[in-house]
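Before anything else, here is the set of structures, which you'll find just below.
Heads up, the next two complexes both have chain A, just with different partners, chain B and then chain C.
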Partner chain A sequence: MNANISHIIFKHKESIIDQWLEEIPKFRTEDSLQNITDAMYENTNREFVDKLLSTVKNQTNDHADLVPFTERLIQLGWPLNYITRGLQEFRKITVATLSKSETDYNDSIELLQEIENWIDEIVNLLVNEYSGSWENTVFLQKMALKELSAPLIPVVDKISVMPLIGTIDTERAKHIMENLLTGVIEHRAEVVLIDITGVPVVDTMVAHHIIQASEAVRLVGAKCILVGIRPEIAQTIVNLGINLNKFPTKSTLKKGIETALEMTKRQIVEMEG
Partner chain B sequence: MRIPILKLRDYLLISVQVELDDKTALQFQEDVLSKIHEEGSRGVVIDLTSVEMIDSFIAKVLGDVVDMSNLMGAKVVLTGIQPPVAITLIDMGIMLEDVPTALDLEQGLDRLQLELEG
Partner chain C sequence: MQVQTHVDINSEWGIVAARQAGRKLAREIGFGSVDQARITTAISELARNIYLYANKGQIYIEEVSNANKRGVKITAIDQGPGIKDVRKVMEDGFTTSGGLGAGLPGVRRLMDDFTIDSEVNNGTTISAIKWLR
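And then the complex of A and B:
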């Protein structure tokens, strides 16, 4: 930043800080910042504004020293909304203060531009840090979901079960198919039961994915049974005109296992005595 | 490049060990059919365990071989289709609907026996 301008801003530091601290509490919204104590709230605000003003001294537009502070804000759960509004307010106050007291610079576009650039850089940095942390969270959750999403469980010799829980989208369907096929080969399964008890909605797309998966299973040399068809699912399937005749379907996993045993020419017998 | 076709009693055993190109596939189609004719085989097992890629043409040829062999009175079972291959086939919309499949050669032979008896 222009040394002259930074000098001017620095001269009015106290007045800017005071005004800002007066203005900022009105953005403290109902829900998000209520569980933070007043002392903590004020401390953080003060630290924030101090950090902001300390960046004035930077000659370049590199505000790397703001990063650790931002990370702390993210961890404390301060909403981005609040921070950006705080920054906007800060910019307004700075411009207002300077234009009032520095008559030389009264109409100076240069001053305005410098301040705009300065604040914009900081906004960018904050938004980047915040969205980075969100992306990270989403990524971790995606990984967790993926781990939970499609386990293939070998139940008895030649028979495996894949319980599906939750909505199925295209990406998950792909993952399901891969798991299903590699699992079939690994466990040398002859019959695979796909249990859709936990799938809330079966629309044409979900049905399409299931049909594709079972066709693929047939290609690698095993058979699919679709189990866990609840009454409402049966209704939607028929109403949508989806044809599931290519492979057997059963209402419960129990019936599915019985059919699977039959298909592999085995049965469960009770021991005598 | 020709794919070896082995005869085992009433059956023909074919293990495809190379990536099939168009010419090889067509040659293979002819070889299988003439072998069936020569030996009067009742069943054919085509093992695809070492095939990592099948394009739409090869898939069509395989389907044709199955249909043609059926016409000549020999049942065909495809075995050992790898997961990536299966996924590609399904994605291309090639279901190989009436083709019996099995996990490996052993189960393929069992399956063939079943088909012939039934």
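And then the complex of A and C:
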């Protein structure tokens, strides 16, 4: 920033800070800001405005030293909305203060432009940091979701279970199919139980994917049992007119395992004594 | 006061959002768990059709009432390619996408009232109502 202007801003530092700290609480409406203590709130606001004014001294428009502070704001969960409004308010106050007291700079376009540039750079930096952190979170959650997506669990010799939980979209359906087939070969499973207790809605697409998966399992020489069909799901499947009679279905995983044992010619026997 | 919720369908996540909005309203009106599942499944079918055939569109979910009953109305609107032969798509097992072909006839059976209005190259509007018994 122009040394002359930064000098002037610095001269009015105290007055700008005081006005800003007075104005800013009116934006404190978000829940996340209501829940923190007043002392914490004031301290962070003060730190924020100090950091802002310290960037005035920078000759270049590089505000890398704001990054660690921004990261802390993100961690504390301060909404971006509050920060950008705070910056707008800060700009308003700075311009008002300077144009009131510095007659030389009264209505000076140069002054306005300098301040605009200065605040815009900071807004850009903050928005970048915030959106970067959101993208990161979304990415991590996607990975986490994929990890718990569709495990095939060997229960006893020749019998495996695949519990499905949550919404099944096209990508997950592909994933399910792959895991199912590789798992069947790897565990030498003869019977696979697909448990849909945790699937909220079984529409024609989900049913279609299940039918296709069971058909593929049949091709690699194993059998599928569909378990965990809740009563309301059974009714919607009937209403939809979906034909699931190509493979056995059971209401619970327990009954499914009993059937699977029968199919592999085994049974659970209680020991005597 | 009647509430209308509207969900834009332009990705598979829109389908999930529409479904959740529908389940919430159905529960508020007092539908039992079976009817909640029917309504949610119907929304899922209609929303998926929009996503599959028209790429984008809207689902409107609202409470309706007449003389002595209350219900949920789902309206699915898109500006997609439209349906050439409406009678044909209402037949079980007819599909152009390799699916089961149970979607639209299924929705008609899941819900109580069903209307479909489609014009080739101009889009499709489907509305379905489930009445509370």
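Assume the second predicted complex is superposed on the first by the 249 of 273 C-alpha atoms of A that agree within 3 Å, B and C clash if a C-alpha of one lies under 4 Å from a C-alpha of the other, contacts with A are read in each partner's own complex, and residues count from 1 in each chain.
Here is the rule we go by: a residue touches a chain if its C-beta (ideal position, glycine included) is under 8 Å from a C-beta of that chain, and two chains touch if they have at least 3 such contacts.
On a predicted model such as this, the values are computed, not experimentally measured, just so you know.
In the superposition on chain A, A:G273 makes contact with neither chain B nor chain C. Touch criterion met: A:A216 reaches chain B, while chain C stays clear of it.
Applying the stated contact rule after C-alpha superposition, one finds that A:E232 touches chain C and leaves chain B untouched.
Chain A residues in contact with chain B (one complex) as well as with chain C (other complex) do not exist.
The part of chain C that touches chain A in the complex is made up of residues 12, 15-16, 19, 33-34, 36-38, 40-41, 44-45, 48, 92, 99-100, 102-103, 105-106, 109-110. Interface residues of chain A, counted against chain C in their complex, comprise 167, 169-170, 200-205, 207-208, 211, 231-233, 235-236, 239-242.
By the touch criterion stated above, chain B contacts chain A in their complex at residues 78-83, 85-87, 89-90, 95-96, 101-104, 107-108. Against chain B, the residues of chain A that register as touching in their complex are 177-178, 181-182, 184-185, 188, 190, 212, 215-222.
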